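Two complexes follow with subunit A in common, the first pairing it with subunit B and the second with subunit C.
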Partner chain A sequence: MTVELATRLIDVLGGLLLFTMLLILAAGQVFRAIYAVAAQAAFLGVAGAVLAAATGNVDLWVIAGITVVAKAVLLPWLLIRVVRRVRIAREIEPVIPVHLTLTIAAGIVVLAFHLNASLGPVRQAITGNALPVGVTLILIGVLVMASRRKALVQMVGLFASENGIFFTAMAVSQGMPLIIEIGVILDVVLGALVMGILVLRVRSSVDADIADLESLRG
Partner chain B sequence: MTSHLLWIAPLVPFAAGLVMLLVRDRRVLAALDVAASLAVLGLALAVARAVSEHGAVTALGVFRADALAVVFLVLVGLLAVAVSIATVGWMRREVARGEMREDRLRFYFALVHGFVATMVVTVLSDNLGILWIAMEGTTITSALLVGFHGDRHGLEAAWKYIIVTTIGISFGLFGTVLYYGAAAHAQGGVFAGAMNWSSISAIADRLDPGIVRIGFVFVMVGYGTKAGLAPVHMWLPDAHSQAPTPVSALLSGALIKCALFGIIRFHGIARDACGPEFSHGLLLAFGLVSVVVATPFIIVQHDLKRLLGYHSVEHVGIIALGLGFGGRLGTYGALLHVINHGVTKALVFLIAGDAIGRYGTRDMRLMKGFLGVAPIAGTLLLMGAFSLAGTPPFSVFVSELMVIRAGIATGRWVSVAVFLAMVVIIFAGLVHHVGQLAFGAADGHVERGREPLSPLVALVLLAIVMVLFGVWIPIEPDRVLSAATEIVVG
Partner chain C sequence: METTLTHVARTAAQAALLVAAAPLVTGLVQKLKARLQCRRGASVWQPYRDLAKLLRKGTVEADTASPFFRAVPVLVLAATVATTAMLPVLWAPAQPAAVPLGDAILLVALLALARFLLAVGALDAGGAFGGMGASREMTVGLLVEPALMLTVFSVAVSAGTTEVGLLAARRAPLALSWAAPDLLALFAMLILALAETGRIPVDNPDTHLELTMLHEGMLLEHSGPGLACIALATQVKQLVTLTLVAALFLPVGLASDSSPASLAIALGAFAAKVLALAGFLGLVESSYAKLRFFRVPHFLGLGLVCAFLALALRVL
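Here is the complex of A and B:
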């Protein structure tokens, strides 16, 4: 695979990542947000495979495989299990109206690409537009977390943010060292497990959404 | 031989944690706890000696101990020992009251040592990726500890803690990726150790300033969240106040310092890559905002442990200010403040836990006459509070003075003035709160039992360090701090 083709494919995949991010942001149902983040992780895996073919780095194949297994299958499965167990109301009530969050998201996209344009030749170190797409995903993920009072949706926002980081990390030079990527993914999965435990414990003891508790103030 | 030490240091608490999972007896667990913590402190001191004799020690390009790491490593070891000793008595009381179920004790102790092990890895790692993985590891282990009691408040605090710091720290990972990209670009491709702090800082002046600047902003927000710097501190007062007391002491004393350690590592590279103004200015801004934001919450607080939590925000801010003022004096003051605040805050948290146990409440308006209830702990509480408020002859005064002098030396008059005003207000607030707690006559229902050896031994140990560093800094720590300052100043 030539470098030009890889760059074009990465940009297409970056566009798909942004599109799934908007689906998460606009999702009115917990399940839709979970499916969107699973699709996003699958695109991320494809991006890893494209970069592996372009750079000939075997480690990236492994990383792409782990990404698909852990982030496109395992984590969504975990989330769906938790949703079924807690039997929460599945509609998402945003704290900020959806059209406002979408406007903020548009602002974030413009800002990220503007930031990228301000960089000099160092941009060559990162394939295509992976840097601005990564920044956009991270910030919109935070927006999702801040604008929803549902534990499960906050977790989806977190995973979407992390997808952005992984996307940029894969596109930097030849990706991060394999052992680091594995450690990071392990942390992500363990963190998700602990969050799941907390959500279930609150549901079994006080019958409320953990993200909706607000007795600790001041 | 010495490089083996770097492997053994995190492995000991990790292995101890695994062994604890097999033990069910409270006394055996507590003994293991103290023994493992003593081993961590012993290893930390051995590493310190090796570093002062041979300079920086490395192991396989993953771990690296220099004077800067030693400062934080010894602090983690010292606090682990003090907290373990205090846990013996604390746990006896919790079990007797039915607050802690005996069959779940082993998970508690195992998690504490997993937590200590991840902190040790954090401060010893040379690879910035490992640094991040270990830092996120501290979140995972300690979030379970924060919510360990399983009550509504504890779980709420644990959720806020894990969700805010995980998203925060992922900003730190993004910053790390950008640093890595900048280093690979400067060398024309990936090279051995491209993610290592030692190799990146060696070529720091050739890194692209634009991308490092973006990277440092992400690092500052990310690790700053974990360090409890305002305005991304919102998890800290909840987690520090709801956690079991020994865990609060570790969170406030050691963990937030480990996050600062990460910031210091990245700060050095950013300064060489984009000039001093940028990262110094950012540290200064975060530090000043932290001090200012914490002040009103300290004044109006009634919950004893929340008060101490907000107080940690203030002190992390002071450390950031010291680093932001920069120069040898400011940096030395900041590093000294890391130790002083860590020791003093752990001391006060442990006493607060004892007081809350005796009064059965954490509302300071209902707690009176602690000095009469527990004379020794009460005296130490007064000393600790005056130290936290920045009164001589205690240690915090010395490091705060250095930070202020550094600010004056660099001519940052506005920052110094705001800082001084806040410190005066906080002094008044803290002395008012603690005075209420210490003096007066206690109600009849307060538990007036004698003061047991645990936590007393731990309290005295911490108080000795607190007073000693206020009067005179011993030669060895002074040498390590000076060497660490040279590493930061570059």
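Here is the complex of A and C:
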């Protein structure tokens, strides 16, 4: 694969990642947000494969495969299972209105692309345009975590943030070493498991929501 | 002189084609919806029969309506049909025309004018549903029009012109090499197209239930030939929207001369593009429920943010 083609494909995939991120933000239902983050991870896997094909880095093939299997299939499946099990209301409960988060997200994207100009030396040739997209994904993922009440949607935000970290790593280096990537993905899987079990247990024992925990007094 | 004449003749031919084919597109979407719902559905020519029937009927007017009310359908139809002059359907001129007939900004403005006239007509008749429909339609318009402008600008920046025909001709060589801003603009445009054509999840074209209708609510007081004009205007607006999407994002197969071969290719490409987009409308309409009206701003807000980002990414 030529460098030019790879650059263009990464560019397009960056656009798709941004769009899925907006879908997560605009999703009115928990399921939609989960499907959107699964699609985002799938696009990320494709981006990893494109970079692997362009650079001939074998580690990247493995990482792309793990990304698709773990983050696009396994974790969304787990989240959907938990949603079905706890039978929570399907609506996302935002702390601030959705259109306000969308506005903030637009500001974040503009800011990230604006800052991109001053980050010249860090960027690689192939994935240079990916840097602001990665930064955007990280920040909007945090925004999702901060602005949603449901623990499961906060998990979706965490996944999106993690996708952003992966994409940023691809932008500033030719992908991180395999051992680090596997460590990061294991971290996320473990986090998801703990969170999922916690949600199930909390739900079954005290029937409380994350927001209710705020009113606890010691 | 020669080129100006051919330009005007081509524009007239394209406008005639768009107006003549508009009811057929509506018929196709309805047929597709019927098939997806396991019904046989009416013939694809049904919209033509409906129009012919309405043209034969007399007009009934509300006592409270002013004389302006009678002019509204004609003005709406005129404003909508005028937009067809600004779109490349079969021909895409390589050079700017000597007498430009209008660009994308005028196109969006004319669509907004038609929307405004329709809303004023609905308010003028004094019916409660008309007023409700008008207020809702203007709310939707408030979100759709700026997003439409942003999307058009995003594409126009890359081509260096706002004239849609010229824009399509300049982008034709790189038609399928979309960059990230193009993708975001396309997504925004598809969301906006659903709203502009008055389809689920924003509006339901089949209903006359008072709580759900947007566009239909404004038509309740119209009857006979007036209603036919507005129905035709709605269909033309739908085809104009689809053609705009095709011209901005799929500018392939457009003819540059008048040879029969390239014209046949252009006609085939136009039919294929419109069919694909009409299929998209029908599929979305069959697989989604109509949004509660207060959720519509969320949906359109997504389109607005996408359009904004498409422009921001292009400029930054």
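Some observations on this one:
Just so we're on the same page, the second predicted complex is superposed on the first by the 205 of 218 C-alpha atoms of A that agree within 3 Å, B and C clash if a C-alpha of one lies under 4 Å from a C-alpha of the other, contacts with A are read in each partner's own complex, and residues count from 1 in each chain.
Keep this in mind: contacts are C-beta pairs under 8 Å (C-beta built on N, C-alpha and C of every residue); 3 or more make two chains touch, one makes a residue touch a chain.
Note that the coordinates shown come from a computational prediction; the quantities given were computed from them, not determined experimentally.
Bringing the complexes onto one copy of subunit A puts subunit B beside subunit C with no clash.
Comparing subunit B with subunit C, the partner in contact with more residues of subunit A is B. By the document's definition of touching, of the two partners only subunit C reaches A:110; subunit B does not. Geometry note, superposition on chain A: angle between subunit B and subunit C about the Cα centre of subunit A is 150 degrees, to the nearest 10. By the document's definition of touching, of the two partners only subunit B reaches A:138; subunit C does not.
When the shared chain is aligned, subunit B comes close enough to touch A:161, but subunit C does not. In the superposition on chain A, contact is made by A:98 with subunit C only, not with subunit B. Of the two partner chains, subunit C is the only one that A:8 touches; subunit B does not reach it. Of the two partner chains placed by superposition, A:62 touches none, neither subunit B nor subunit C.
Contacts of A:18 after superposition: subunit C is touched, whereas subunit B is not reached.
With both structures placed on the common chain, the touch criterion links A:189 to neither subunit B nor subunit C.
After superposing the two complexes on chain A, the closest approach between C-alpha atoms of subunit B and subunit C comes to 19 Å.
Within the complex formed with subunit C, the residues of subunit A that make contact are 8, 11-12, 14-16, 18-19, 22-23, 26, 28, 98-99, 102-103, 105-106, 109-110, 113-114, 116, 129, 133.
Looking at the complex, you find that subunit A touches subunit B at residues 115, 118-122, 124-126, 131, 134-135, 138, 141-142, 145, 151, 154-155, 157-158, 161-162, 164-165, 168-169, 172-174, 176-177, 180, 183-184, 186-187, 190-191, 194-195, 197-199, 201-202, 205-206, 210-211, 213-216, 218. Considering their complex, residues 127, 129-130, 132-133, 136-137, 139-140, 143-144, 147, 150, 152-153, 155-160, 162-163, 166-167, 170-171, 173-174, 177-178, 180-182, 184-185, 189-190, 194-195, 208, 210-211, 214, 237-238, 241-242, 297, 300-301, 306 of subunit B touch subunit A. On the subunit C side of its complex with subunit A, the touching residues are 177-184, 187, 295, 297-299, 301-302, 304-306, 308-309, 312-313, 316.
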